[in-house]
Every structure is written in structure tokens, then in C-alpha cells.
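Shared between the two complexes below is chain A, which pairs with chain B and chain C, respectively.
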Partner chain A sequence: MDTSVASSDHRPRFQLGRLKLKAHGGLLALPATLWLFLLFLLPLLIVFTISFMERGRGGTVIYDWSLESLRRNFHDNYLYVTTEGYWLIFKRSLNIAFTTTFWCLVLGYPLAFFISTRRKEWVQKFSLFLVILPFWTNFVIRTYAWRVLLGNNDDGLLNHTLLQLGLIEEPLKLMFTTKAVTIGMVYGYLPFMVLPIYAAVERFDFKLVEAAHDLGGNDWTAFWRVIFPLTLPGVIAGSILVFIPAIGTYITAEMLGGTKGMMIGSLIYRNFRGTGDWTRGAATSMVLMAVVAVALVVYALVAQRTENTPSKASAHHSADVLSRAFGLLAAMIAPITGSISRQFFLLSDELNQRRRQKFGLSPALRMKRDLIIRRTAPVLMWANALFCYIFLWVPIIVLLVFSFNDSNSTAVWRGFSTKWYSKLLSGGIDVDADLTTDLLLQSVKVSLIVGVAATLISTIVAVMVSLSMARSRFIGKRPLEGLLYLPVGIPEITQGISLLVFFNIVFDYAAKHLNITLRSGYLTLILSHVAFCIPFVAIVVRARLANMNPHFEEAARDLGANEWRTFWRVTFPLMLPGVVAGALLAFTLSLDDFIISEFTKGLNTSTLTVVVYSMARRTVTPEINAISTMMIIVSTLLVGLSLVLQGRSAGKA
Partner chain B sequence: MYKIAVLVFSLFLVVAILTPAAARPTIAQEGATTWTCPEGYEGQTISVYGWATYIGSNTIPDFEELCGVTVQYDVTDGNENTLTRLREGNPGWDVIVITDYIVQTMVEQDLLEPINYDLVPNFTNIGDTFKGRSYDPENTYTIPYQWGTTGVGYNIEAVGEITSWEQVWEHDGPVSWPEDLRYMIGVGLQMLGYDPNTKDEDEIAEATEYLIEKGSNVVAITPDDGQVLLAGGNVDIALEYSGDILQIIQECECDDFGYALPEEGANIFIDNLAIPTDAPNPELAHVFIDYILDPQVGADISNEIGYGTPNQAALDQGLILEEYLNNGITYPDEETMARLWTVDANTDIEEAYIDAWDQITIFIGQ
Partner chain C sequence: MTAIDVELRHVVKEFAGRRKENAAVKAVDDVSLQIHKGEFFALLGPSGCGKTTTLRMIAGFEDVSRGEILIRGKQVQGVPPFHRPVNTVFQDYALFPHMNVLQNVMFGLQMEGVSRADAKQRAIEALELVQLPHTADRKPRELSGGQQQRIALARALVKHPTVLLLDEPLGALDLKLRKAMQFELKEMQLKLGITFIYVTHDQEEALTMADRIAVMNYGKVLQVGTPEDIYERPHTRFVADFIGETNFIKGRLCDRAGVRGEVELPSGYKVGAVLDDPAMSVGSEVTVAIRPEKLTLKHGNGTEPHHDSGTTLIPGRLQQSVYIGTDTRHVVSFGYNGSSSQVVVRTQNFRRSEDEQFQNGENVFVYWVDENARVLVD
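This part shows the complex of A and B:
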């Protein structure tokens, strides 16, 4: 089971560092440990407890610890959420999440392959940039763009265009279906799938394909026996990154799904924000967590299997670290599932062999198949890439165009105007829009303050814990490893409600026993954002640390530098790209977050996502388009600049 | 990479600097109010938690101007949302807008402050029919703000004219319902011939089944935004609040939309201003409420959002626009009024209603 733990501490290369870091290395892990314990694990345990309590009048919770009561409440709460209705919604959520993951994989794998096989470096970078950029615009805004596109009446842009082109006679019914939800989610999560696969394919050594051919393998076997297994860690990481947010989704289902597309996230949200029924909401989120855990264990088992294949090419990169983290989850249940999975794989191998004997193609047919593959594969890859880029960019372009619309409509063109921009920039000269413009600008400020603070803190804390995990041994390292990655595997909605409950209990205690009135606000927002950013930053930073050449540090020490100097002169500059990447990821996550912000926001501290969500439901004006266009421009500049700078530094080196 | 990091933050700093809102010109387009602000509140802040599109666009800027204070206005998803968030601990609201039926639940849970009427002299402007209602017999905690009906907003071209709930159930096209559980279950109970405020669990269960069966054409249950779906053509019928439908009728300047209170009966509600427990600035909250009760201010609000005013003085002084008095929607005639029912507080059986709504939201429109 060693595969489940980052194996860097078994290697001799950090021997020297460990001698001194051993003493205080554990301390470096303390902030992250405390943070995640207090703001992730403890809240989760409280929600678990509440799911065994009795629902009081007016949605309060009655705490009763007697065994009899626990048994009765377990029966009431958990059996209720497994009744027909809840089961229906669970099944639908699973279905939508799997469908989304499937389509992301079908579109994303060839796309990642397409990108990483571009020969010129700038073409490669640009193709990747085209995938990432839409991901840098706000999640709610992206989803909202689909609401404009998929509208059922002929105002809906897709229907309008198809009608105009004469391709359909009746408007298609797209809005408020599970199809709409799936489209919205594939759109939202495609980059999560493409990036890890890209990372895996990029590291792939194509000489291995040649070797396969030399050994008599054809294209078909070369792909399935060599390429696919070696890129599988990327596929697994991508699938996890898509599946987990997909199953707990709230916004996409609410905005595009209607009654037919309602998912489990909406039920939990209603329990906490609508009817205020905590006990039932807690039980529902526990069941959701269990469903996700089962899915993760299945993934992790597959991951374990791929780790057995010798894959130097894919070692150490972030996808690998991630899949290892989930391996840890599997480790808890491994004694039982391990033998089952072994049986399963033995059986499937045997079946494969039998199938081959029975239905195996003749050599001539195999040649023919190869010929077809050679001819069509590049065409298909181009077609897929083209489709993906159109799919990714059409909503953005629609948003851009309608930000210049001279009317209140975000779907019907009434002439060119820049009034929405001047309104935003002047802070609301137009009296009618005072309230919304003020609200929007205030929320941009909140998002930036929270985003910057959360990024700084989570990066520092994550760098500390990553160093300590890589360099030292201390008691409780293994459990910390789990704690550090577990948040990635918990749906956001569960984290959101657990933080809500946690802060509520803390505030209650402060009011009753300490006589202090505490309220949600910047502090609760930042505390929570840091908690969910730490694991992601740590994944990126640790991947960088694992890839670093240890000889530089040894050399520095041989030359007489002390540990402090070695760190600042050698280690830190070497790990900086990882740190910056982690920080950028944290910033994006924080800006994009809806659920956790919604549950931990206070008065007048609604983040941009929260405000845009409530606006997108009501006063739909091109002001939203204008603000998203400005965000796209800022993002483009940032990403473009980073590419230019990277290119320059690469040129120097 | 240093440079990028520096650039990122400096760029965002630029954006952050741009964000403080510029000074806003205050234009009192409607009648000028004679209300004067008591001294001593300059520089203070209050926070109001109300509904979307449920206050005049000048109401708050004018108050800020008159008193030299800052008002924050945030929008709720519904009464249950306000209740839930208050129960979690008042996030800092000074004034909330809540509907009649939820008042008693909030009072029972100690979530509201009693009103100090010395600070609200304008209370005398409220009409007698709106004072001392059953949900707050002495007006200890609440003061009426607006009243309206919940009925059927519809696209005339798609459905013709609506007079009965049966037409809504049988319509072959998309329909939206509001996230308003007591109202919707009340409609179901009424259609089965029961009291819309029943305390009988079996009747509630029956109404639940009835609604799930009749709601097969429901595509969305929306928190306070059904009129947007109706205006955008995504639904043909939106069960919604009178003023919200009136707002889209006025905005489109067309005859596309109608509003009906079906013959079997519908709901009339009174929304109230209240001060929640632990309000940071209850004194200024009282001043704000007094300001809202000024005849001119109250009339301006109602003239903009299209709901009925409980402000008798505003009606007496002829400040309410003719078009509202006679449009048949804002102030229904007496015959219609006779078939409207209110939702009463039913705290004893709250759970049964919540469970019923839970089932309805899951099974409807499948």
C-alpha cells in the first residue's frame, strides 16, 4: 500500500535536509493541520452528529444523546432521505454526473492529445490557452450564457439560429431538461478533464510507440497497450476532478434544469436556506458523501492497478499525486476490496483472452483497421478540436457581443452602445441602476479582498505543509496526508453547509457564554476560502517539490550554506513556479466559488458570484455581460502576459 | 514569474481602486416628500433585507440624502430564507420585510424586536383594515408595508384568457410556480374544498397528491422570479405576485400578458416591516420605517412596484396613480376580494407543510 503515500520520504535524496528539519519539520505542518482540522474535519463531524439528532420545531435541532433517540433519529432521517423521492433525485444526480464525466472524457481526451501533439511550442501554448481562458471567467456567468443560448422560445439564440437556417421548424425544447444541465456542466468542467490528460500526454515519450511498432504491435495495440495505460493517471485525475463537483452541483441545475433537472445539491440547499431543516439536510449530505466515496474507491482501485505498470513517464506529476491521495481513501477499505478487485481484474483478463481467441481479427483485417485508423484519426482529432473550441467559445462571444447591446435584452440585438460600460465605470450615474450597480461594484471589491487574502494565506500555509511533508518525518504524518487531500473529495455543498453549521454553533456559544456577538463577514469568508484552497495549492506545490533536482541543495550545503540560506537561495527559487501556479489556482477557485461563499457570507459581503447569481435570476441586463467582458479581458491579459514572460525566460535559458 | 505575480496584484489593485461608487446625483422625480429626518443620525448605517423589485428606485437614495446615512439593501429568496438566516443569528439586518404568515413563527422564536411607536408617528397613516390583523393583533412587532395578491400571470397568446385553476392545470405548455409553500399548498387545499390553512395532516397529504398530479406541466419552481421566465418566453404561465406581473406588463408596453385571480379563489397577503432581534441600529431602523410610512414616500413605492398600499393617508390625498387604482390588478374589486384568503400562521403543524413541500418539489413536473 506504499503507493498511497507520497513516496518521496523513502528516498535517500533528502537525507541531509531531514537531519535538521527533523526537529522542527513537524511544526511547519501545524498551521495547515489546525486549519483543516478546525474548518474542515470538525465541521464535517458536527454535520454527521446533527444527522442523528431530532428535528425541533421551526427547524431547530434537539440534541439528545440517548441511544434510543439516536436509533430513532437514524431511522427517521436516513430512511427519509432514501425514500422514493430522494432516491429519484440521487439517481438523477449520479446519472448526470456520469454522463458529464463521460462526455468530458470523450471530448477532452482527443483534445488534450491534439494540443500536446502540436509541434510548435507557441501553437501548443496558444491551443491550451484557448481552453483555459473560458475557465477564467466566472462560473455563474458561463452558466448564465447557456441560459441565453438554450432559451426555449425563438429568443433563445440556438433556436433562433437553427430556425433561421431552416434546420428545424419548431423551437427545440432544451431549457429545463437534464440535457441542458449536462451541456452546461460539460462546458463548465471540460478544462478540468483536459488539463490533467494534457499533462500526462505531454510527458509521454513517443519513442515508446516506435518501440511498440518495432516489437510488431500495430497502431491499435500501440494505443491500447502503450499510450492509453501511460496516460491513464491523467484520465483518472480528470474524471475525479469532473465527477465530484458535478454530482454536488447546485448552480447549473438550478439555472438550466428546472423541475426535471433538479439535483441533490438543490435539495440540500433548500434544507439549509429554505425550510431550514438541518437534520434532514445533514443526513442528505452524508448520503451524498457516501455515494461520492464509493465512486472514489472504484476510481482509486483502477488507479492502483495502473500504478503497477512501470510508468516513469507519468510519475510525480500532479495527476499522480491526486490519484495517490484517493488511493489513501481506498486504503481504508482496501483489506476487503483489495482481494475483490484482484479477482475482478484476473477475471477480466481471462475474459479478454477468451474473447480474443474467439473473435480475434485476422492479420489482413488488422492491417486494414490500421490503415483506416491512420487515415481517419488525424481528421477526427482535428474535427473534435474544432468542435471543442467552438463549443468553448461561442457562449463567451455571445456574452461579449451582447455587452454592447443598446437595450435591456441579453438575447435580442437592438444596436451598438457602450452604455453598460460607462454605467459600471461611473459607478451608476443612471439613477435606475443605482442599486444593482452599487451591489455589483461592492461585490467585486469583496471578491478581490477575499480572493487576495485567501490566496496569500493558503499559499503560505500550503508551502509550509508541503515542505514539511517532503522533508521530515513526524508523528501523524500519514493521517495528515489524508486530511490534506480529503477536502478535494468532498462535494462543495457538503463543505458549505458544514461551515454554516460550524460558525453558527461557534457564534451561539460566544453569545451565550462569552457575551460577544459575532457575525459572518470577511473573516468567515476568508477562513473558509483558505480551508478549501489549501489542498489544491498543496497538490501543485508538492508536485513541484517532488520533481526538483535535489543535487542543487546538496551542492549548496557542500559549499557551506546553512539551512536558512539554502532554502532562500536554492530551494525557494526552484519551487517558485509551483508556488505561483498554486497561488493562481487558489485565486481562481476563490473567485469562482458560489456555495461556500453563500453559506459563510455576512451582511454586505456577498461575493461577485453570489450577486451575479441572484441578478442573473432577476434583473437580466447586459450589465452582467459588460462586467464579465471586463473580467475576460483582464484574464486574457494576465494569461497572455504569463505566456509571454514564460516564453522569454525559456528563451534566456 | 515574479513579474506576473506583481502584475496580477497591481492589476487587481487598479480594479479595486476603481470600485468605490461615485457620488450619485439624487433626483426626486416623483412628488417631493415633506418628511424631515430627526437630528443626530449622520454617518450611521442601516441594513434592509427585502424582496427584489420591491422598493422604489429613489426610496433609499432619498432617505440617505435626507438623513445623511448609508442604507444597504439586500434581497431575500423568500420568507423561509429570511427565517432560516435569522435563526442562524441575525447577520446584521436592521429592517426586514416579511409576509403575514411567518410573523408568528418569528415571534415565537424571539427573532423580532417590539416596535417603539414613539419613534414612528406616521403609523397613524396606516388604514384601519390593515391594523391589528390576526398575525400580530397589537402590531407589537410589525407594521404593514405593501399588500398584494398571488395569482396567475400568463401569456395571452399562448393560453387565451384565464378564469379558473383548471385551465392552469390543463395547459399544455410550460408553467412556473413560486417557491412559496404555504400559498401553493393552500391552493391545493382550496381546490379540494378544504380550509387553505388546515391543521389536518391527512388533508395536507391529499393536497400534496393533488398538486403533484395537477402540476405535471410545471418546469420550474422559482424564488421570486417567475415573471422573468414569463417575459422571456420560457413559460406560458407563471404563478406569481400581482405587482411582479404588473411590472412586466408595464415594461413591455404591450398586451401580451395578463393576470388573473381564478374564480375558485386565490391568496391575498400583507407584507410587513419589522426589526429583527440583535439589529445593530434599531433606532435608525425606526426612523427608516417612519420614513416609509410617509404618504408621499409610500405612494412613490407603490406607484413604482405596482403593489397595494396600506397607507390610507396616501390614498386619501390622491397620491396613488389612477392607472393603479383602476387596472383591476393592484386593487381588485369587492367581488374578487371576497374570494381571496390569507395564509395564517400554523406553527403547530409547520413540519407537515414543510414535508409536503419537500415531496412536491421533488415529484412535480416529472
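This part shows the complex of A and C:
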């Protein structure tokens, strides 16, 4: 499952100073372990605990460990979830999450297939890049873009255009519906679906399609009997990566759904804000996690079947490593899966048989049908790809264009102007009394400080743990593997509230017992950001390490370099592109984050995303377009930088 | 005249160049072949000569650029692979990794709409044919290379194809297994009477297994014939060189009478050989090709070559003898005036008497019967 572990016997041992990495490398895993234990696992356990406690006055929690009280509170808190209003929201969340996953799959599979079957390498890279770039753009901004497009009145671009064209007489109700939420989420999470499927199709050996054709299967059969089953792990990984954030979403539901589109995320959020009820919020979080756990188990069940298929290319996509991580879970449930899948295939054979008997076609007609399939499939794939690219890019382009509009409108073009930019930078913002240029600049400062600190720390910690996982053996490696990847599978909202609760408890303790007054601020932000960045950086760095030829290190040792110098002269330069990519990912994630920052920020330490969200949630204005444009440009530059860096070192490895 | 199963008429396959400015690659260049029913036909040639491409065009994975292909007398242009009565054993087997062995073998039958029970029955029979019925429940990756090879064979044979295409099916096996499988494949082909088109770059494999061989190079078919034809009577220097070891001696055709020719070497020696190209004129530059095992060494000191009554004897000096088990391989150099050349002589070690022992550096005669030497154009 993990090649780096399997082959670690053949790897040289090297020293850091006096320490032999193979023997003592476990120490390198210590910072990451502690960090994730204290700022991820422990907070989650606390949330779990308080979901069995009683609500005190003003949102506080009364700790009562008697069995009687635990039982009563379990009833109160968990069964509360089944009351009518709550239940409705739960059902809606599930509904939206499934619909989102479904559409991401329907659009994403053919798109991924389209991308990975492009012959020319640069075309392939470019079409993948077009999918990934929007993904690097701030999520709040991407959601905001849909507010601009879907506005309910004449000032929504879509409504405005349709009215102008005379296609509709009255503005459609687009915003604040579950449809709007679904569209926004499909938009936001489509790349999550495309990447793992792309990785799976890349690994797929197309010789097998020829074999299927040779044995008499037409394109349709070859797809369903050979290609699809063998790319299924990618499909499931993608579905999971879409489903988890979708079910726990907060931003999209709030910005596009209003009260009509409220979801579990908002429910949890409210319970941890103002006069909410922590205990009920905690219980709701636990239910959310249970749903996610079910999804992960389903993934494990299906992924196991095709886990060991021979692959053309080794793991170089982080998505691939991610799916391997989930494969760990799968290993535990392997025996059940075999029989389930057998039953499934028996059934499908049976159905095929019946269909054939009923609709038996003459050979000539079959030939005609097969040729029609052969001709139309590529056309459909192109059409889908075209649609996806338009879908992915139109909102961003609209946003950019209207930030230069010489009018208040975000739907009617009145000529070119940069006045919104100058207004932003000269202190003249008056969208809202809350927002001043000072506040904006302050939030940029906060975001940069937190982002840079979180990036530096999480990168160092993640590199250490990756090295230790790849090059040494120690007790507790397996559980650590789980701890390292688990955060990826936990909804952000749950992480956010668990950190809020955790810091509150720590602050209370400090105030009561140590007489120290602690407040949320830079420190809490950085601690939390590092915690959610570590897993992602580790995924990227580990992928790089797994791909690295161990002979380079052996050669260096052979040439007389000691372990310390081998590391700095050979290992580190070779893993650097992975480190840089990981760091950029961390920086982007940190800038992108809303929920966790929202729960761990202090009074004057709102991050840029938090500030933009608080504005964009309520209004659509050209100023926000202008801020968005600048943020898009910055993230594009970052992606460009990472591509240049990776391209430059690609030849070296 | 036996029926023709597969016919290629002036087939050309061009691949577009990678970049615009690169010319198209002619992978297959004006190939015409007739493959008879029930025949074991080998396509033989060096790497990159277009064997696989030819096979893939017959299977339907590639379209022909020009020319036409007929299977059982029917044009197959535009017919997708799944509607052609041919099946392929792929070089790396291409077994479906997510299906077990039985499912792999059943796949093709199910595509034909054979009922599950029948398909299973026939698949098991096919597995028995390749002697692997006990592997039915295993996944392909749990089989050895040789076993995978047989499963691939069973998967193709179970469909009773008109023609079975095999692309270097034994390429991945070790020598011993290869030999055993060669024998088995040949047996199976005789038993089932299916036409085999067999791609290989191993001349020995082609010689031992095939009824007829087509030797290819640079996308062209150079010669088609029985193994004996190809080995004993190669038309071109390439064919002679590619199949078995051959000595090439350059010279000028100085006389010819019917098929008998006399060639003058640069050293002035005159040697005899046969030629079957009636157009070859006296005076042209030619090459004499002769197999090492058709040469004999004789003791004797002498400087005069001798050529008459259908035999040739030329003097030389033994450079080196290497004992290689069944044979001994001698390198003899001959010639003077600065133009010396070498030939290889192979003698069988059935009788290592005093008579047959040669010392390095010794002056010897190389002797051959003219019928065994051939005059080739370059």
C-alpha cells in the first residue's frame, strides 16, 4: 500500500548529526504528532464529550459525569436533531450533498477522461491547468461570483441578459434556492472530482480496451466492463472529496441559499455563536461526522477491490496518495467487499443476458449501432468539456470584467474605469459602515502574517514527519498515518468549532488556575492554521518522496557522503519541488480558510477572507469585485510561480 | 490451392510525424501477403520493422492508410475490431486485472451473448486445453508469466476465431519455458486447425514453428517462404544476415553460366556460387553469402586457390578456434595485397580426431560446394 514503507529495507540509513534516521527517525514525527493530537484529535474528543453534557447559562457547559445525566443529555442533545426543523435541514443537506456529488461526477468523469486522453502533452497539461486554476482562487470569492451571476432582480447578470434577450418577461428567482446552493457547490468542488479521476485514468492501461474490443465488446461494453471498474477508485475518491465538504458546507449555503438553503453547517455554526447551545451544536457535529464516516466506509469498501491493480505510472498525484491513504481504511474491510462485488457482477450479467434476449439485433444493425456509439462518444465528450470550461471560467471572467465597470452595476456595462480600485485604496469605501480601508488593510496584514507563519511552520513540521514516515520504522507508525490524514476527512466546520471549544477551555483554565488572561488572536489563528495545513503539505511531500529514486541516496553514500551531507546535498534538493508545492498549497489554504479563522480569530485579527465574507454575504458591489480581482491575480501569480518552480526542477529528478 | 484466410493488398500505414515539420513515418510500406487457411504464418523482422503495426491493422486497432485487407475474402475496412472474426494474444497479455481467470476467459463469450452457464462450460474447457483449470478463481496477478500467457491464449481461443493473431506471445518468458511453449503452441495450432499469424523477432522461433515466414524490414516484406526457403535461399543480404549466421564476401561477378557464377574477390581469388537473379550481369559488384556450417576446413599449405567442377578451395590462415559445445567455430582470414577478409567456419564436434584438430596460426584451406554459396545483390 505504501511503497516507501515496503522498500525502506533497501534504503540507506542516514544520520542527522549523530542520530540514525532509520532507528531514531520516529523523533522527527514528534512535532506533527503532538500538533495534530493537541489541536485536532483532542478538540474533537472534547466536542464528543460535551455532546453528552448539559447546557449552562449563556452557552456554557455544565460538566456532569453521572450516568443518569449522560443518558438524559444524550436524549436531549441528539434527539433534538430529529425535531422537525432540524430534521428538514438534515435531509436537505444530505440531498444537496448527494446532488452535488452526482453532478460533479456526471460532469467530472467525462472531463477527466477528456483531459487524460489528450494526445499532446501540452494540451493535456493546459486543459488540466484550466480546471485547477479556479480551484486556487479563494472559495468565498468563487461563491460570490455566483451571487453576481444569479442575482434575483434585473441586476443579476443572468436575469439581466435573459430579460434583454426577451427570453423571459420577469426576472427568475435564482438566488436563495437550493438550486443556487447546488450550482455553487458543483462549481466549487468540481476540481476535487476531476483530479482523482484524472489520476486514475492516467494510470489506466488502454491496452485493456483493445483486449476488450478484440474479444467482441463494443465501446459501450468496454467502458462499463473494463474502464469504469478500473477507474472506480478515482471515482470514489473524487466522490468522497466532494461529498465531505459538501455535506458540511457553510459558506455556499449561507451566501447562495439564504434561509431556503440552510444546511447542517449553518446549524452548527449558529449553536457556537452568540447565545447558541454548545452541547446541541456538538451533538449535531457528531451526527455530521457519523454521516462522513459512513461515506468513508463506503469508499473503503469499493476502493479495496481495485486497490492492487497494476499501474502504469507511479504515484505522483497527491490525489493518488490521498486515495492510497483511504485505502488503509479499506484494508480492514476487505473480506466483505469481494462477495458484494461478485453479487453485483452476477446481477449485471443476468440483466445483460435478458436484455440481449429481448432486444436481439441482427449483426448488421449491431454494427450500425456500434459505429454510432463510436462516432458520438467523442462528440459528447467534447461538448461536456466545453461546457465545463465555460462553467468554470465564466463566473471568474465576469467578476474581473465588472470590477472595471464605470458604474455601480454588476450586470450592465457602462465603460471602462479603475475607479473602484482607487476607491478601495484611498480609504473611500462606504459600502457599509463596518468596512473601511483601514480594516481591509489590517485584514490583509493579518492574513499575510498568519499565512506566512502557518506556511513556514506547517511545511517544516510536515517535511519532518514525511521523512520519518518514508525512511524509518517506529512504533505507532500506522496510527500516526491515520492521524495524519484524518483531518482531510473531517468537515471544516467541525474542526472550527472544536478549536473554539478547545481554546475556550484552555483560556478558562488559565484564567481560573493560573490567573493569566488569554485571548484569541494571532497565536490561536496560527496554531489552528498549522494544524489543518500539516496533512495537506505532508500529502504532497510524501508523494514526492515516494517517487524519488533511492539509488540517488545510495550513490551519495557510496561516494562517501555521510548521512548528514547526503540529506542536504541529495535528498533535500530532490524533494524540494514537493516542499515548495506543499508550502504554496499551505499558503493558499491558509488564505482561503474562512470557517476555522472565524472561530479562532481575535477582536482585531480578522483575516481577509473573513472580512470579504462578511461583506460579500450581504451585498454585491463593484468594490468587492475589485478586491476579488486582486486576490485572483495574487493566487494566479502563486500558481504560476509554483509551476515555474516545479517545471524548473522537473528535469533534475 | 488452399483457401485464403487473410489477404493484404498493397497495405501502407503512415503515422503522422510528432511535429508538423517531421515527415510521416511509414511503419508499413506496400505490404502484400496471402495467408492460407490453417497455416502457421510468422512475421519476422527486427525491432521497429512494422510487425506489430501489420498485426494491429488485421485486428482492426489501426486503420490502413492505403491498400486493403480481406479476411475470408471480405473487405474489413471500417469494421471495428469487435466485429472481426480474429482474436489477439497480446504481447503483455492484457488480462483484465479486476476479473479472475474464469471471468477473463468468459468475457469474450458473454460479448457474443452466450448464456452464462454455456460460457462457463466453454471457458472451463478452454482452461483445460491450456492445462490451467485449477487457476479459475485466481486474479491474473496471482499467476506466473507463463501461466498468464496461457490464460491469454485460452481467452482468445475460446472464441474459436478464424484467425488468431499473436504478438510476440513468448517474449516475456525465459528460454526454457519459451521452448516448451513453442512446442505446445504448435501442437495446439495443429490440433485446432486455426490460422495463426505469429509475430516474432526471434528467427529460431520462426524457423521451428512456422509453415511460412515473411521477413520484414523497414516496413517492407523482403521475402515470403517456407523456413527452408528463407534459410537456404535468401534473396537479399538482409534476409541472409538476419536469419542465422552468414559470411559475406564482396567481389565482382566475372563469369556466369545459367545459375552458376564465378566471382572474383579483390584479392584476385576466384570463387564459385549460384545465382538466381537472371538479370544480374557480368561485371557487377556482388556479395557471396555462405553459411559457416557449409564450409569445411582442410589442412594444407598452399597459396593457390582452386575453383572447378562445382567446388571452391581458397587458402587462408586460422586466426582463432572457439569450442562452443556441439560445434567449433573457426575464424579464418585470407587474402593479400592489403585486402584481407575473414570467414567463419563451423565444424561439428562429432569426431574430434587428430585429423580435425587445427592450430591457431596454421595455414589452412577453406572448402565449399558451390551450390551452397549464393550470389546476392547488396
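Here are some notes:
FYI, the second predicted complex is superposed on the first by the 516 of 653 C-alpha atoms of A that agree within 3 Å, B and C clash if a C-alpha of one lies under 4 Å from a C-alpha of the other, contacts with A are read in each partner's own complex, and residues count from 1 in each chain.
Operating definition for what follows: contacts are C-beta pairs under 8 Å (C-beta built on N, C-alpha and C of every residue); 3 or more make two chains touch, one makes a residue touch a chain.
Keep in mind it's a predicted model, so treat the numbers as computed, not measured.
Look at A:290: by the touch rule set out above, it reaches neither chain B nor chain C. Once the two complexes are overlaid on the shared chain, A:260 sits against chain B while remaining clear of chain C. By the touch criterion defined above, A:62 lies against neither chain B nor chain C after alignment on the C-alpha atoms of chain A.
Once chain A of one complex is fitted onto chain A of the other, the partner contacts of A:168 are absent, as it touches neither chain B nor chain C. Considering which of chain B and chain C touches more of chain A, the answer is B.
By the touch criterion defined above, A:86 lies against chain B but remains apart from chain C after alignment on the C-alpha atoms of chain A.
Once chain A of one complex is fitted onto chain A of the other, the partner contacts of A:217 are limited to chain C, with no touch recorded for chain B.
By the document's definition of touching, of the two partners only chain B reaches A:614; chain C does not. No residue of chain A lies at the contact with chain B in one complex and also at the contact with chain C in the other. Per the touch definition, chain B reaches chain A in the complex via residues 1-5, 7-9, 11-12, 15-16, 18-22, 24-25, 27, 29, 47, 52-53, 57-58, 60-61, 72-75, 77-78, 80-81, 83-85, 87-93, 105, 108-109, 174, 179, 181, 218-225, 228, 232-234, 278, 347, 350-351, 354, 357-359, 361-366. The residues of chain C lying in touch with chain A in their complex are 59-61, 79-83, 86-88, 90, 92, 94-98, 103, 107-108, 110-113, 115-116, 141, 155-156, 159.
Within the complex, the chain A residues that touch chain C are 205, 207-208, 210-218, 221, 225-226, 229-230, 305-306, 308-310, 345, 349-350, 352-353, 356, 360, 363, 366-367, 370-371, 374.
Within the complex, the chain A residues that touch chain B are 55, 57-60, 85-86, 88-89, 151-155, 175-176, 258-260, 262, 267, 270, 272-277, 280, 411, 425-429, 431-432, 434-435, 437-438, 441-442, 444-445, 448-449, 452, 500, 504, 507-508, 511, 517-520, 576-577, 580, 583-584, 587, 602-604, 606, 614, 617-620, 634, 637-638, 641-642, 645-646, 649.
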